[in-house]
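Have a look at the structure below before the remarks.
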């Protein structure tokens, strides 16, 4: 059984989810998540417990699609999206937002993956100038790609700034459960109540098999989205198998159990690494990622046993991701290995 | 346990597939189907048994995507795609091909869902005329949306015509297994060997949970396709769960077992319907679909117990789809119900 | 000096227009048609005389752009546009609407280029069905590509039908002046007052050098259009040279003078052709186009002296376009030539 | 007669051009620049004198289109374009490249508008990584948006780097004539011979009325471009009026006469400004632009008489553009005005 610190999507499916998928595999069920599909309503019921009533909920296949379609639905092609340079939608979607929406992405260089109203404000000079794409969307990742977490206040400040300027706020919640655990807050507090307009709610990095949810907190904003989903090649036929995963994920509380484990193991890993001379933690560990510099010579040897990604070759900066299934002994064994390789 | 004749995607997942998915859920595995992912290679190995060596194989989420990306990859935006009016890419993708590729779809009105070189030829008048989208792709569905099957000779004739005119041939194989059973032929005979350039190989309608394969039979044509897949929002992270389905589907032969059952039950259903006065079969039954006209008054009552779709309200034409899990007693019970309702 | 019956864009620029362009070439002027550009306001003033106040007026480069951008601005990508099969946007824009907007075009086969509510209605079955592009725009050409003219009542009927079904009405007015002359009506009567929402107002086929106007009759519908124009690569820098053409076109009445001549010469040409045995007029002549069948053998010889396009090789159907500069002697000479060639 | 230092497109049309347009307005001429259009061949003949044989030449409406279509034609949607942050295609096209091509633009922060291989190189790390848009095009502006000029050697270095890495080089030549004058070189030396693959050849900023040329220096690369032009809404019907402008522009040498005047006046303006205490030139003056800081208080008063654009409000940086029609007395009068306002 391979283990790694490569990514939280190298891990498999949480057993509770796999069981729910298996149980859902009974008889016929209305395809495409239509209104006559009971699984849809059960999943919606669970989401409403967390986010309140009057939400619009849609399932798509993955995070790329949740981000691209959610943003595209609330913008015209001549609108610009403001985000961190490191944001997934900017750097890791192979230009999917540009292709599907035609939008320009305006990037903000950050050290920690988080953006602020002060950094966003200069882009508003373009407003009304017909030669420039018009700012209409701000997108933030929670947890960020740098492993940091926005506080509720920080999100509120961005949302207020956005709405004061007739701009929407999107949140890429690929690791939203890890954020909730890190903030010790309910989902709603740092999304809907903080002013987020459209949310990509991910689960694959925390124990699901496939699927991602798009939530609009003003149902009016969601009008027509189902057509965009289909046109975006994101309408699953046997939809129950996505729906039942999210129902189970929320209902059983494994979203929290899994995220707690991943976050705790990252913290533990950081502690253990801190004890090693010559290893340096470069970002405060808020979620399930640990960014650290290692002696470059030992990296290939470590990767042979526990694969992980080098973030910056020049500085030997590596990203170590913990997952819902990372164990204490994984961490112990891995850090032991580091010590051993460094001692040679 | 609900049963229906609504669609072959109202049924669930074949038990062999569910088991394989469960078994694959062990430990960590390289994400995104990269070269270091063993599941990819095992799936490729099975495909090569059917299609031969030197194929380019990619997995995407669904049939919409397989069709749109496969076609898009081999065309420029000013190219036109020629297909049957009833083709999924023309009528049932909510303009996904137009959105993603910008292509114009040129439709051919057919009675039976099949197109011929003679019907395609007039569109070639546009060749070289800069005001018209340029024909560059022909797309056929096997089995067609009308439930009919192209013979190998018919496909060859289209492919030869296409290639003589510098045009590619795409096949939408959403129900390719049903076609293979209907033709009593191997996949390769009516695809690669018949001249198909790019194939959407589906399984969800025949017992898979999610995922669809795109196959290019000339590897050179596939250069860069992995980027298009990502940009098309179709790159799954936990890819092993798609790959293992296709590996199992082909390796265990359930593609054939399932398709045989669905086709056989459709044939049986047609026979039973034929015995009923006032019911009329409107298309020869080649695969797993039965098109028939029913007395309009009884349709809602039948739908209450066995849901199915009305294809044409004016003529009371209905489509009855059999699935991998349709049983003889489903058919017996359903046709009994028809007789009963008609007798009232 | 070459003459032809090829197209009304083979002719040159009306002398009044050329003079206005020359006169406008004085000193510096605000670029891009911004609010501080007096030429814009003068052109707007003339348009308001014809169409009334509270219109939104934009200039683009050509008819393709006016049609594509006008339609695109009022639709989402998952919307469908219903139009005649023969419509320019369907057949003669090399898939520009599909590329720029992603929309599906739903075509209606017509004999005479005109569509009716009864023909449009069946497409509305798709409304609400997520697999189908959603009808949101009807586009009509006035004069049609078949040379016919919609009556005011016919346009009103389509507009009422459209608005009853939450659909917009677009008019491709590439030959709108010829239509006004044919109807003996003011522009406003068969556009704004008849219920058209967005109009492409062309002039290049009637004596202008370049440029086309897009008019929205509800200014609210035009919000943001200036950004779409720029993004659509249609914002001219030295805009005064488009604006002054339209100002002059409307102010001096040459729109009417030119169109009257073109229409009258087409009528005269039709009369002369009617007198020739073996020549048959196939469409009533309403504007400046004459569709006729000629003996196929003489066509190349005629084309040598007066070029024109063959519309259908099989039936020897040709299109003969009269222009603002077509003279009685052009027609006399051309018809003499036909008689001569037929006598050989 | 208004004068300004706002932009070289606030000026009108060079008299030689206006005359040529007027003279071309005779009789009928084949529309759309087809092969039977003599004006096309005459324009091509002039271009070949400068660029050599075996070029592919196309006319479009403006610089936005020339840039977007030229780049789009040589890339797939998943390709990235590397350019200076200040490049027109990045900042001043309202996301036209993203909309039309779906490409991601990767920007390089520069002080002077010029990029180097060393700055481009880091982006190549993305090559082969499926999550990142793939670098395939480098675009440089000659003259740059900062008023600077690439030397021939600098262009060659970029071209060699590009071709070594399977990347194309595009040049935005909106002010290419000013560059040729600044470099005292022929067009060919710093484009085709330096390794540029596709060139936007502009003239509107140097005395033309409308139109821009796209040149491919390898004809094979241009295959199909005419369809893309049409689909891009850039095919002019009365094409002779673009073609004759470019023919005249090159044949009469006014490209050089006009550019020489604009460049010389900019140099003269810079000299005069340099003599004024409190005014500072911020970029070496290579072409027809002068960037300078002025006392902020007097800017509105100056703009009343000679409009110009403020480039940076915080630093009172302004851009003063000279044009083909800027005179010595314009400069004298303007600088006098500055002295006068500063003395108050």
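As written, the chain order gives the labels A, B, C and D, with residue 1 at the start of each chain.
One rule holds for everything that comes next: a contact is a pair of C-beta atoms (placed from the backbone, for glycine too) under 8 Å apart; a residue touches a chain by one contact, two chains touch by 3 or more.
What you are looking at is a predicted structure, and each value in this text was computed from that prediction instead of being measured.
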{"item": "Between the pairs B-C and C-D, the one where more C-beta pairs touch", "value": "C-D"}
{"item": "Chain of greatest Cα-centre distance to chain B", "value": "D"}
{"item": "Inter-chain centre distance, chain A versus chain C - centres from mean C-alpha coordinates, in Å", "value": "50"}
{"item": "Mean-CA-position distance for chain C and chain B (Å)", "value": "42"}
{"item": "Inter-centroid spacing, chain D versus chain C (mean Cα positions, whole Å)", "value": "33"}
{"item": "Where chain A touches two or more other chains at once, by residue number", "value": "77-78, 93-95, 99-100, 102, 130-131, 133-134, 227, 230-231, 235"}
{"item": "Interface residues, chain C side, partner chain A - complex", "value": "32, 76-78, 102, 130-131, 133-134, 224, 226-231, 235"}
{"item": "List of chain B residues in touch with chain A within their complex", "value": "1-4, 6-7, 9-13, 18, 21-22, 24-31, 61-62, 64-65, 68, 93-96, 99-100, 204-205, 209-210, 227, 230-238, 241, 307, 323"}
{"item": "Touching residues (chain side chain C, partner chain B) in the complex", "value": "77-78, 80, 91-95, 98-100, 102-105, 130-134"}
